[in-house]
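There are two complexes below, and they share subunit A, which is joined by subunit B in the first and by subunit C in the second.
Presenting the complex of A and B:
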């Protein structure tokens, strides 16, 4: 429809719609800057995006196909005197690798096909009956063995020649393999077929990143301060769980939890409360452990194994050799965030994390920012004398002038970037399962699960389990995200954990565990190392990194605020947008009321674990 | 933000090509104005109007696209919690009618299932320039099980009716949902806004 041309003059051009870029866009537009915000992809939020199931399949396919770099066009004719060109990276392939897809459920409702005479409702019941049929079970044992041996090979092949594995075939082809496995595991539970996942595909909102919002983290503060929070809805994370001694257990973290806990003895309860109360303040005792592992400090507190595990892995979420001061800081952060909105320190946005960058984009648009997806910048026009970017050339060859240029780091050629360490990666797995890892009376739980390293040298894994009412998966399923710092490939890092916690063709004696219907493994570049400036780029060009491995969003928000301050040092960062109900319209002129900060914070009823008794 | 000043609150979202008169419809209804010129309203997220329907106070929160439709780049979150969608085209512009299936795909993808959709052909004051016959639009709307209405934001034709009809329909649906005992599944998302979460954090 819109073959309309873009205006050719802006204050700020932003390329990429990840979280940091979107926050910068909203902040600049909010204080009156003319913002053009582009993304070459057809979706918002870059590597922060969430997809429907079918959208994710398309994304997988796109990443399997070696993206054809567009031929660089020669734009030198558009140069004016004293200018030079900097070309941007025409393809975006470096940030995602090692994609592997497995489907452990049947392609279609097989019974439906086989017994087409029987109405589907009856078939369902028959399936249920078959579950008790032991003959079925034993028969299945054989092929199951075969399957599990076959798997690693397929995996290895997948890693080396992943391009070959699926190029052109699309994700569906991946299914033909494991579909053998399904028929046997079928009897255990009524399984949702692959066809149903596709049919109900739009019920899924599958995030590429897995993070949670700390209720007193910088993202929540910013959402409230700026009024961007009005564009989204949130759910409390309701449980903190941990994997220990082969079981998934609930971690008591609020005071109510501690007292209600059945796992803890009375003595442990008292010890835990005392510890949580005392760790809020800095003590000499703590200082004595500065530089030494937090684990040593916890041992010294004589808390016992249970509490030590909870505190180290689930509350501080650190590793055994993390220094005490760092461990204490994360413990305090966890405690500060408790009780602001619920029983755990975390919130999760309904419809997934991919909503958040889009909410900031909406704010930018409301204040006049112009949005254009499927539209990129090919090169920058740089004034040689001042080393400033004066304009950009967009993918249609239009010259668009700007005072500042903000860009996602994936668009910048590697040789221009000054990155201290070699790029690290995050390992990610996404599972669609048929039950919760810790079934309980309610099926409305959003759970954070910490899995300590399962063997020496393995990474600590963070897992988030989302229920259908988070609007991220279809009913009857759970969406599970696993994340860790990469040690090996995502499959190497995470599949051992998946095998332990879930029922897959590779796991043994795990029938009581939730079944994995479908899963995806991939690695994503860790955005932690990239600096905003200090690259071989003009002085008014700012880099935004992709998602980092932390659980919270502080990195991206900090980066956005830093960029904003460099561009507009005098301006307020994301002041509250006026409430539409307070705007007074008079004829053509619209006047905003003087906005006094009436932050919702006052309303917060605080109740924290560390309060007395 | 007090609860007592209305019985129902509905979020209505406008979509459709740029230039079909979405903002004009909203401004005509909420402010009784027909703005000359095309200037987008900077800084205004949505407009509010409270109407009285059979003795019940219904607060309508009407959201505009913030110009993101110009380059086909509407954020998904815009659709998420809408109770009703007004899909607008310009009867004097064939192209804006031909784009409707594209818009329906977006709705199908991102809006919630229970959303009420109404198709609106705007600019009937320009009858002599009509390119899309009423019958054609009616057939299309019927095939997609949408309501259909033709309006003129300029002459204020059917604008009031559009929003009041929607309000009635939304009340009817809300009551039906209550009858069906569906109110445990709150429309449309299940989440809460941050401010709501914060003032209700009892545990």
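Presenting the complex of A and C:
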């Protein structure tokens, strides 16, 4: 939309299309507010986005390039009396860092290249130190070929110098040593080549943030309540797995799982079921353990090692020193979500999590919200007396007045935010693999895998393995997301887990494990600590944080609701959208975006009804 | 507020809906009338097919229309060639799928589908099977679909092992499913029939093995498979001990073969010139071809049940022609033939004896283990251990307790009597809604135990005082008892079955709550009836006693009936034989 087309007056201007911003946009638009929703990026959903494979490569490339800080223009000419300017952060903030990419599959089809792999290239510093790496005994592919394989996006390491620190321990293989050792090659398993990944890149929907939707979490409730669910389809997470004693095992959590489990004795089954049914209610026995570790409580319940592991790491998803009351609350939440839509507590949106913010944007647009991508706000015009933002100046120099301004925290200078210091980070890894971590009768499982800390001080890792029918990866591959709270860089935190669970050039005797074809490591700022109201910001400016490390979406939804209530304290938050046929259109022919896709309508409710029958 | 989306008000929506409904109704009624008049005129054309389709897709439960549709289709069969018929029926199946989406439990749609499938020239059973599977995955308890599926499986000859896997799958996804467990119980005996000789492998074809002994019903499963089933079902009831479907299946697994049908007792009394016959199950002796042969001579006798209320009864009696056996110096040989079952039983009445009998005792037959299995003791013992383990974890689970009781009875009814009683006590407390059921069941088991004890002692006295009896049963087993003591229980009646006690001389039933004496009926030897402190309130209640010719002593103290005016004279008139009356 051209700049001159934008109206100069809105009720609410929202900058950034992450989840919280999009929910605020939908909620405001729904109750009749005029909403302008902008994003500097060329894609929706900010750090909540999903990309095709090629889109992700572009994203990686963009994050490697030094972002050019836009020249600060002087907008004081637009100031009216009694106003002052607050400039927004002109460049993308440092929310993403330590990007590292590795490709362990051949560049071209096997017919041409046998088992050689694309060597992952590294930063200058790393190359020097990688000579004594473990994977020396590798067969060299044609070096020329490799030269040509150098992709811009494969140059890694963060902009902040953190990359250099990781270099020493890195798995990075020197160029002259292609990564796949001959002994490890498996002629029987036809590997998918890098060229195929690129060719089929459209089949991928790779999420930057890895989360699942709790069946009774605030996001699902909101999707149902608001009818936004009609814009998306969902799949059940079909299995809960865990990594224990060097093996990936299925966690029996539903009644059907417990019944079918072959690992548990009948007595263990009874104990587990009894614990799961009894812990729903609060008892004095539980209260006696308040403040003491949940693990102690589990031990006290006469549950064996395996049951303790399942309950602590996979069901409560807490650590050994988490207090009992927290562990129990988390266990209860898990159990409440169980059985609403399937045998696990989780749903996953088909086509990836990036769909969710877009669904809310769509709802906003249906009720008249205006959208512009690649369009930003340069500065805010603040009334000195009232300390309220009266208007914004967009990236085209237009003055747009507004009553409220909602902004993703990345656009705001650090000194104006209330955030946890130092900024915490989430470690992320994205793998494309050729098999499931736990092959079974069906190859279309969506699995949630919990990996307890593999050594003292290591983080607990949450892993989600997506199958092609989730429409997030090409057939013959699995898309694996690893997430943890950062201790070190993403590579430091997650590569030991990857090495244990998958077959990579660094892993030994792991041929039976799925092979990693391609992988990406990066750190993302943890949005957990951000406060809605910033420092030194006008009272009608609200901050939305980026994704947090939790598995669910509660943080963002809570934040959005809080902001909405501050803007419109009298209004209902996302009431059900009316059916299209019940909307009365103005006689003057103002066209309303027609809502199609009837077949998807009320998907969530329908499923609910079925399970409750 | 400006910009807000305007939504139709509820009243507006209602009004629109109402109009919509009216319109629909008009179309529906018109189409229905058109269908009816066409059918009346005997028109079987495409238009009629379309009209019925239109109506049935909105209301698939309109049986008349399905009938009309079948008439049309049958007519089309006669005028079209085979390929066209195939096409028509395939379209019909598609249409039916749409109807089933509207109502997955429509009788009409499922019935019609079965009809179409049977007439389809080239049926695609795989497709039908997958349709059933889809329906069952949505609702695994849709019995219409289960029924149709059985038809499909039968028609298409799906191998039994595949069907068993199918039940595995359904049970795996949700084991609270009676249909699946039951289906299993019908498949297993086919797939893994019990081999009569223990060492032979269970998959040996049945025709090479000797026919199963008549004692054993063919619905049995080989031991190897049984053990696997025990494991499966234990997984279910350990996972959720409150789910009854698994427990019922478990009962089936442990269940014993049906008893052989036979004559279990023949009793002959010289004084009454009467024969009484007991069968292993209730029969109608007038219809089963019962023949009495006395000293080689078939007798024309009239069989009657012990009480006019019974058409079927385990005990039947007949009077011999007067004088045939009355001479005590004669010896007689008696045979009762059950011609229908090719079985008979002999009984000899020796010189100088006034009565005689021939029978199988309850102890010989292990009669009261019939609830549970003929399995080896070791198997039952280990099952009992598992259940005890579960009971330790779930001391108040009724299914577990009940199963333990049954296992104990199968193993050693007398040895486990004390534990059994304790478990019954717990059951009555934890499941108070069914306390009366447990009391009755407990009474039954205690009666069985007493019968066993009586027979071990080889006496004809049945004594069960002060045992909290709430009901009487197994009275056919008491045919020979002369003296019964039921004092100090909670009995409310002596039921018609009580008339099976054909040898009874003394009945002690003080301190119960007996209101009815219906079963004290034509007991030829009964002399003494003690009913102190019961609930008999009217003279009419005492009427049955008048049918007992030898009744001499009657104790009615503490019954409301004693307050009746002129009770003594009334009783003297009603029961002239009674000489010793206590009021």
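The definition used in the following text is that the second predicted complex is superposed on the first by the 497 of 613 C-alpha atoms of A that agree within 3 Å, B and C clash if a C-alpha of one lies under 4 Å from a C-alpha of the other, contacts with A are read in each partner's own complex, and residues count from 1 in each chain.
Simple rule for what comes next: a residue touches a chain if its C-beta (ideal position, glycine included) is under 8 Å from a C-beta of that chain, and two chains touch if they have at least 3 such contacts.
This one's a predicted model, so the numbers in the text were calculated from it and none came from an experiment.
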Contacts for A:578 in the overlay, against subunit B (first) and subunit C (second): which applies, first, second, both or neither? both
Touch test for A:231: subunit B only (first), subunit C only (second), both, or neither? first
Applying the document's definition of touch, where does A:78 land relative to subunit B and subunit C: first, second, both, or neither? neither
Scan A:329 for contacts with subunit B and subunit C and give back first, second, both or neither. neither
Under the stated touch criterion, which partner chain does A:256 make contact with: subunit B (first), subunit C (second), both, or neither? both
Of the two partners subunit B and subunit C, indicate the one touching more residues belonging to subunit A. B
Let me test your reading of the model: by the given contact rule, A:367 touches which partner, first (subunit B), second (subunit C), both or neither? both
Taking the superposition as given, does A:269 touch the first partner, subunit B, the second, subunit C, both, or neither? second
Once the shared chain is lined up, is A:195 touching subunit B (first), subunit C (second), both, or neither of them? neither
Both subunit B and subunit C touch subunit A at residues 256, 367-368, 578, 583
Sort out for me which residues of subunit A touch subunit C in the complex. 30-34, 255-256, 258-260, 266-267, 269-271, 273-274, 367-368, 578, 582-584, 586, 610, 613
Residue numbers of subunit C touching subunit A in their complex, please. 1-8, 13, 138-139, 172-175, 234-236, 238-241, 386, 389-390, 393-394
In the complex, go through subunit B and note every residue touching subunit A. 17-18, 31, 33, 35, 40-48, 66-68, 70-73, 75-78, 80-81, 95, 99, 102, 108-109, 189-195, 197-199, 201-203
In the complex formed with subunit B, which residues of subunit A make contact? 1-2, 4, 6, 44, 52, 202, 220, 223-224, 229-236, 254, 256, 339-343, 347, 349-351, 354-355, 358-359, 361-362, 365-368, 370-375, 469-471, 577-578, 580-581, 583, 585, 587-588, 590, 592, 600-601, 603-605, 607
